[in-house]
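Order of writing sets the labels: A, B, C and D. Residues in every chain begin at 1.
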Amino acid sequence: MNEASSSLPHSAVVAPDRRSQWARDGALHDHGRLLMSCQDGPGIVASVTAFLHARGANIVHADQNSTDPEGGKFFQRIVFHLPNLVERLPGLRREFGEEVAGRFGMAFQMSAAEVPKRVALFVSKFDHCLLDLLWRWRRGELPVDIVQVVSNHPDLEKDVAGFDVPYAHIPVTRATKAEAEQRQLELLENRVDLVVLARYMQVLSGDFLRRVEVPAINIHHSFLPAFAGAGPYEQAKKRGVKLVGATAHYVTEDLDEGPIIEQDVARISHRQSVREIARRGADIERVVLARAVEAHCDDRVLLDDNTTIVF
Amino acid sequence: MNEASSSLPHSAVVAPDRRSQWARDGALHDHGRLLMSCQDGPGIVASVTAFLHARGANIVHADQNSTDPEGGKFFQRIVFHLPNLVERLPGLRREFGEEVAGRFGMAFQMSAAEVPKRVALFVSKFDHCLLDLLWRWRRGELPVDIVQVVSNHPDLEKDVAGFDVPYAHIPVTRATKAEAEQRQLELLENRVDLVVLARYMQVLSGDFLRRVEVPAINIHHSFLPAFAGAGPYEQAKKRGVKLVGATAHYVTEDLDEGPIIEQDVARISHRQSVREIARRGADIERVVLARAVEAHCDDRVLLDDNTTIVF
Amino acid sequence: MNEASSSLPHSAVVAPDRRSQWARDGALHDHGRLLMSCQDGPGIVASVTAFLHARGANIVHADQNSTDPEGGKFFQRIVFHLPNLVERLPGLRREFGEEVAGRFGMAFQMSAAEVPKRVALFVSKFDHCLLDLLWRWRRGELPVDIVQVVSNHPDLEKDVAGFDVPYAHIPVTRATKAEAEQRQLELLENRVDLVVLARYMQVLSGDFLRRVEVPAINIHHSFLPAFAGAGPYEQAKKRGVKLVGATAHYVTEDLDEGPIIEQDVARISHRQSVREIARRGADIERVVLARAVEAHCDDRVLLDDNTTIVF
Amino acid sequence: MNEASSSLPHSAVVAPDRRSQWARDGALHDHGRLLMSCQDGPGIVASVTAFLHARGANIVHADQNSTDPEGGKFFQRIVFHLPNLVERLPGLRREFGEEVAGRFGMAFQMSAAEVPKRVALFVSKFDHCLLDLLWRWRRGELPVDIVQVVSNHPDLEKDVAGFDVPYAHIPVTRATKAEAEQRQLELLENRVDLVVLARYMQVLSGDFLRRVEVPAINIHHSFLPAFAGAGPYEQAKKRGVKLVGATAHYVTEDLDEGPIIEQDVARISHRQSVREIARRGADIERVVLARAVEAHCDDRVLLDDNTTIVF
């Protein structure tokens, strides 16, 4: 583990020019995002928009979904423009909670688009998802700060070094798993908003998931629920399917059962060996994971029990 | 031309059971749809939602897009629930025009979801797009009443007869084109909300397009702007492309240049003859046209100059 | 059951003009197809091509696959041109068996491309797969003769009548299943080369599958192995997947476990109800089933245990 | 320009472990590939297979296409296994030319699968195609040796250094173009089998293309023939298409008109700015280019006038 760099404060690990490059994209300055869900009923939209209008906010985008106008659930995402948003945000959150959310029994989240989510990438030995996220971040494509890479193997340290991101090698064995997770938790504490498992071949314990206190996104190399568990490409070859896929989902204690954020597939044929199928699949894995991370970090994903609304 | 049936009033040409089957779909009763576009600026969304809330309407879905919050264009589609919508609609339109639209220089359209758009299908000899629309309508999949088929050939009359839709055979030659269009206009007058060119191999004149007073949607058998004009599959084979496509667009006087509503593609290979490519393409044409007709008739398409916003 | 028409000899049930329309497609006259599989080893291709060359046959297409040149399995499909093929076919088959197939322990099948496969369609109440196959056949797109429709419901009889194909209504209940299958077998005996289950909602017994003596292809409305069994679209909605699919497979006694011939998927979102997902899925089902039937009837499918080679 | 490393002999520029990693893939040892095209006629396949069989070669894969068995063109690709192939190859080529190719007026090419094609990558400032090819090569996914990167800008030198490939910075201005091309030609002479333009924003002159004596593959960031020329994503946004694509093609003197090897598309919407469309398109560009390079270097591409046969 790279103790020196992993103990640096958050603001030091991303080069300033990169961050600002991202922040310039799409003119995100002074843009707020509001995610809401509650029991559906009359007056919700009118109350929310009146609240924003009264504070001088201009609604730029809005997405909304109702599972059933009579007794269903209501979900909404609003992007608004408001001068001096970052400094006004704490007050705005408090007032929205008191004046709107409380009245409708609403869960909500309000954030500033210009503040990127801080992300830790977990990886084992396959480099394709890791490098793709690092490349996209460096190009200013992803609304994130990648602040830490964690791996149970040392193999990818040199690749990560080129991106100026600290690489923590924390081996995991059956015997040392609890201790390793403890080290991971200490490393991430107060430093990340999201954990991304970019082909990390260890199962995170329920204890870890509870204590890390931020969401975790995993990429599974099959079109779930087909071929859950180990060796999905071998399973796919054996079953003779004509397409293989990948699934990005939130991690829950039930392995491969968490809410699905994004999926895609690619066509294969009898000509391809398991190894060639895995290569084709890798192209899908990295794109599906990148889309899921982008959607989450753009505050476009809402949970509806074990499924997702992706606006 | 089937004079007898084509002169029947609109309400007689669709079997009641079919119409109600469609209307039951998705619980559309008392659901209104509001489409708006105007210069962007503060307060639009708040005004619209306040207007609806004050009348007891509950917003069920909302989509919104702004090309630029500073001086850009604003587009919105709202689906709302309001008891007794159909009878209240004329008053609601008038009030919305006075209280909201006028203030923001807004173009808008308000309709009742349970009232299907009345559609005329124009066709020449290829049956795939025609039959697909008729099948989908009979199954209750499309929010339309197909009230008339118009063809410059008699070939498909028997197929259409099975759907109880009048079939008007109006031959078109260079010499008789103006007269034929006059007959078409008389046949459709006050009976249709949309004209769909389901592989109609005649160019409609600018005079026809102005006088028909309803939009027309065409399916072009290529991925426009590639292979505009005649023989797109022959052109595709000759150029050696690896995908062929189809494009549904609004008809304008500039052939193949109207606003695009929907497109899709299919993979082809060197093995396929022009005839086989055309067969593969036909599968894309009928699906793309059906999606475009559905989007238009669900009031999900807004024009932005020569492009579309499809919510 | 339509006894009168179902007892007609095969040659009477297809209009001659349709058959010749299909037969003209792709210049199939005097074209033979040879499907082979055996243990791989040296000299197979040379022997097969020498056999054909010695008889004046010209190889037009060839596809070949070897799972492993050392000890793997070898699969090949050859299309050849040979004058007077239909009358020479019985002799050619015998000679090929003696001179080539026996030597390599080869399973093979030799057929004339101009002789379409005779097909029976089984259906319950959903019309989309049935109509799509009938319509493609009428257009001359499918290398088949559809000689019989069998249904456990009377609903689709009128639609089928428009295609001049006999419709046998054979109700199936738990109590009468064995008797119903007996009637089905008698109806099909010596009249069909393939059974297609075009959304037939009954499970065929192992006894039926053995006695019918021709292959059966089924369309399952999910991306197998995901969502096997009943209600796949309900299952898909509940699990929150982002794509739904369809699978065409050979029918075996193990429900939804037979060799997969073709699959495809379509994107869905949280906005769509189960009913809307089913509509979107239906577009995939009909295309996937049509492709599988075409591949089988073009002699392009070979079995490799429980998987398929589709050339 | 890195003179030192660019003057190294070919065998020195690729680390031995990488090359062997690739060569192990798919058990390519002693596998030969034969590409042929000629006027179709009887006896071609039999002669070719007899030639190979007589030398103890075992045919592993074979693909074949005839545009018309009567007077059309014939194309074939054969993969065969033959012990000591690399040393026997020169003799085999000579004998095949004398005994088979001459007789049928055949153009052919025979190569050893284990000898990777030597590739030079040309790039300007966009890194996505360059990095993707370098990374696939390092993973052992591409049957190539990347021996040189050439750029008219210095920006990507550091990224390329991580892959141990020499980076030649050769600026190009209108005034210096001829001289720059001369330097490029000297740098590549006898060192490469293929030039890949991985978003190289300069047009290669006809003189360069003739003198380089190896094929060049370009990636164009549109679905050609739509949006040829400059700014295809801006053109796409303006025209309002619903899909954007990418096209990999052989470079000819007619800009954007060369034979197409591979294409693919991605869906876009009105929500996306030109910059976001370009990002989405970049994902397609890198995959389409990688597939085209792989197909070419696997000897799977044959030219048929201005189109390609990709086996």
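Please note the rule applied: a residue touches a chain if its C-beta (ideal position, glycine included) is under 8 Å from a C-beta of that chain, and two chains touch if they have at least 3 such contacts.
Keep in mind the model is a prediction, meaning the values are calculated, not measured.
Undergrad: Relative to subunit D, which chain has the most distant C-alpha mean position?
TA: The most distant chain relative to subunit D turns out to be B.
Undergrad: If you fit subunit A onto subunit B using the CA atoms, what's the rotation angle, as a multiple of 5 degrees?
TA: About 180 degrees, rounded to the nearest 5.
Undergrad: Counting residue numbers used by both copies over all numbers at the interface, does the subunit B-subunit C contact come out same (over half shared) or different (under half)?
TA: The interface of subunit B with subunit C is built from mostly shared positions.
Undergrad: Pick out whichever of the two, A-D or A-C, is joined by more C-beta pairs in contact.
TA: It is A-C, judged by the count of C-beta pairs in contact.
Undergrad: Taking the mean of the CA coordinates per chain, how far is subunit A from subunit B in Å?
TA: So the centroids are 38 Å from each other.
Undergrad: What's the distance between the Cα centroids of subunit A and subunit D, rounded to whole Å?
TA: 37
Undergrad: Round to the nearest whole Å and give the separation of the Cα centres of subunit A and subunit C.
TA: 44
Undergrad: Can you list the subunit D residues in contact with two or more other chains?
TA: 65
Undergrad: When you draw the chains as points and link the ones that touch, which shape shows up: line, ring, star, complete, or other?
TA: Contact pattern: complete, every chain touching every other.
Undergrad: So in the complex, which bits of subunit D are touching subunit A?
TA: Residues 25-26, 127-128, 131, 135, 139, 141, 159, 162, 273, 275-276, 279, 283, 287 of subunit D touch subunit A in their complex.
Undergrad: Give the list of subunit D residues in touch with subunit C in this complex.
TA: The contact residues of subunit D facing subunit C are 41-46, 49-50, 52-53, 56, 58-66, 69, 81.
Undergrad: Mind listing the subunit B positions that touch subunit D in their complex?
TA: Where subunit B meets subunit D, its residues are 65, 223-227, 238-243, 245, 259-260, 262-265, 269-271, 304, 306-310.
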